[in-house]
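Input: structures, listed below.
One chain, subunit A, links the two complexes that follow: it is found with subunit B in the first and with subunit C in the second.
Let's look at the complex of A and B:
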């Protein structure tokens, strides 16, 4: 697992998420431009590219949800055949992103993402 | 059985915190006394909210009463508490089978088999479900029901509602093509304004980025995107390779229940598309 240079607060926020069984990595990403602020990722995960795409999905999804009248996004979960991406926007505009295995406990990851978002908020 | 019910009822009356409610509720359920089973299960669950078996029992009763959405929630909760709970895995397999999602049914039965490798009934249910078109639906359902000790009969889905939504009724269902053109359904915001086209346009971009993200992570095809909002929840799923289905509900519908609603809607959408 690689750890990008980051403050202790960011590292502690990511620790909350990566300690959940089935989570392969976590990142803090700027919501506006999809840049990695801090990351704890298993080898082989392309952090910057995933960050950029996660931010792009978040922006588009946010617009769709606001337009549909369901309010601001609190949490989203992309499910795929062999994995999942789970994201919580922090009040600061950062996105807390988790990359996980398909059988991960989504409820638990969500809770830890929300805690991490509070921590970096 | 009647004697046992009396004995257990007496024990429970003497010690309301006892776990005998599990046995009593199951006996009442099997005897078809669903209202009594419901009361026993719900009271037990209120006293033991963190007991997976209590959620499992309540789910079985709900499933017998054909309240599949709440049964899904309860089995889902049981699995959150005990991720290898065999009863919950089999129950969810039954529900997925009921809505025609054989892949999920098999996946849950496989998980149940890993947790209880010596249970021959799970193997039987797996064979029946994997039999697909070769196995009569009632046979497969019965096999799944047998191992799950779940509902006595699978009710036909309320697809009319789903189809009504897809045909244009404003039920929070929207079916799109990959470029964001509306194929069916519609959406209104809380103020009653029609937002169908705007949401459709944004969603086309979401699905493209979701597919790119899944590919980049070597996750295979994306199967769904669930999102929680401050006012409501949405679930986006590709019912076929060339279509997108959005289900929108307010926050009173939990995310787990929304997922099963989306599964039902996706199945209906696939059938609807095949007929076009």
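Let's look at the complex of A and C:
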């Protein structure tokens, strides 16, 4: 697991997420720019690429939600064959992103992502 | 949107980059400001101004790096309210090229531009032809070459 230099608060927020069984990494990403602020990722996960693309999806989803008149996005989960991407936007504009294995406990990850988002909010 | 290239090998990498990164304007030029390809510009004056300014900014940051006794900076990003400017150099067989990207903050982001710029740089390096023996520049050829370049960039 690689740990990018970050403030203690950010590291603690990511710890909440990465300690969940089946989570392969967690990141704090700037929602506007798609840049990595802090990360704790297993080897082989391309942090900057995931950050840029996740932020891009988040922006588009946000627009779709607003257009649909259902308000701001609180949590999203994309399930793929070999894993999942789970994201919670923090009030500060940061995104808390988790990359997980397919059989991860999504409810638990969501809970920890929300707690992490509160922590960095 | 217009996408044109004076040197055809630059076209495919640039088109791929524009599609992936959602860039609004792109210029691929030499470090002296000679334009090799452009996307999104509609007027020759705009291209020439942007190329001259981009090359000047690169020259300035190179000099700052030199004064700091550092290798040249990899890239420069400047964000405004609605648009961002990304400027970076790419070493190729054709020499050191400079890429200027203007992106809408609504459509793209610095992260996306940085991410796909890596691919653009690799594609340009792979596509660039081996250097030729430099020709002697004649005043008579200059006007014709300039005219040909503008025709290629703006289809006149």
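Note that in this section the second predicted complex is superposed on the first by the 121 of 121 C-alpha atoms of A that agree within 3 Å, B and C clash if a C-alpha of one lies under 4 Å from a C-alpha of the other, contacts with A are read in each partner's own complex, and residues count from 1 in each chain.
Here is the rule we go by: contacts are C-beta pairs under 8 Å (C-beta built on N, C-alpha and C of every residue); 3 or more make two chains touch, one makes a residue touch a chain.
Just so it is clear, the model here is predicted, and its values are computed rather than measured.
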item: Partners on subunit A (subunit B, subunit C) - clash or fit; value: fit
item: Touching partner for A:92 - first (subunit B), second (subunit C), both, neither; value: neither
item: Per-residue touch tally on subunit A - higher for subunit B or for subunit C; value: B
item: Touching partner for A:53 - first (subunit B), second (subunit C), both, neither; value: both
item: Where the C-alpha centre of subunit A sits as vertex, the angle toward subunit B and subunit C in the overlay (nearest 10 degrees); value: 120
item: Partner chain(s) touched by A:33 [first = subunit B, second = subunit C, both, neither]; value: second
item: Gap in Å between nearest CA atoms once subunit C and subunit B share a frame through chain A; value: 10
item: Doubly contacted subunit A residues - partners subunit C and subunit B; value: 49, 53, 56
item: Contact set on subunit A toward subunit B in their complex; value: 45-46, 49-50, 53-54, 56-57, 60-61, 63-65, 67-85, 99, 105, 107-108
item: For the subunit C and subunit A complex, residues of the former touching the latter; value: 105, 108-112, 114-115
item: Residue ranges of subunit B touching subunit A (in the complex, touch as defined); value: 80, 83, 187-191, 195, 198-199, 202-203, 205-206, 209-210, 212-214, 216-234, 246, 248, 250
item: Residues on subunit A engaged by subunit C in the complex (per definition of touch); value: 29-30, 32-35, 48-49, 51-53, 55-56, 59
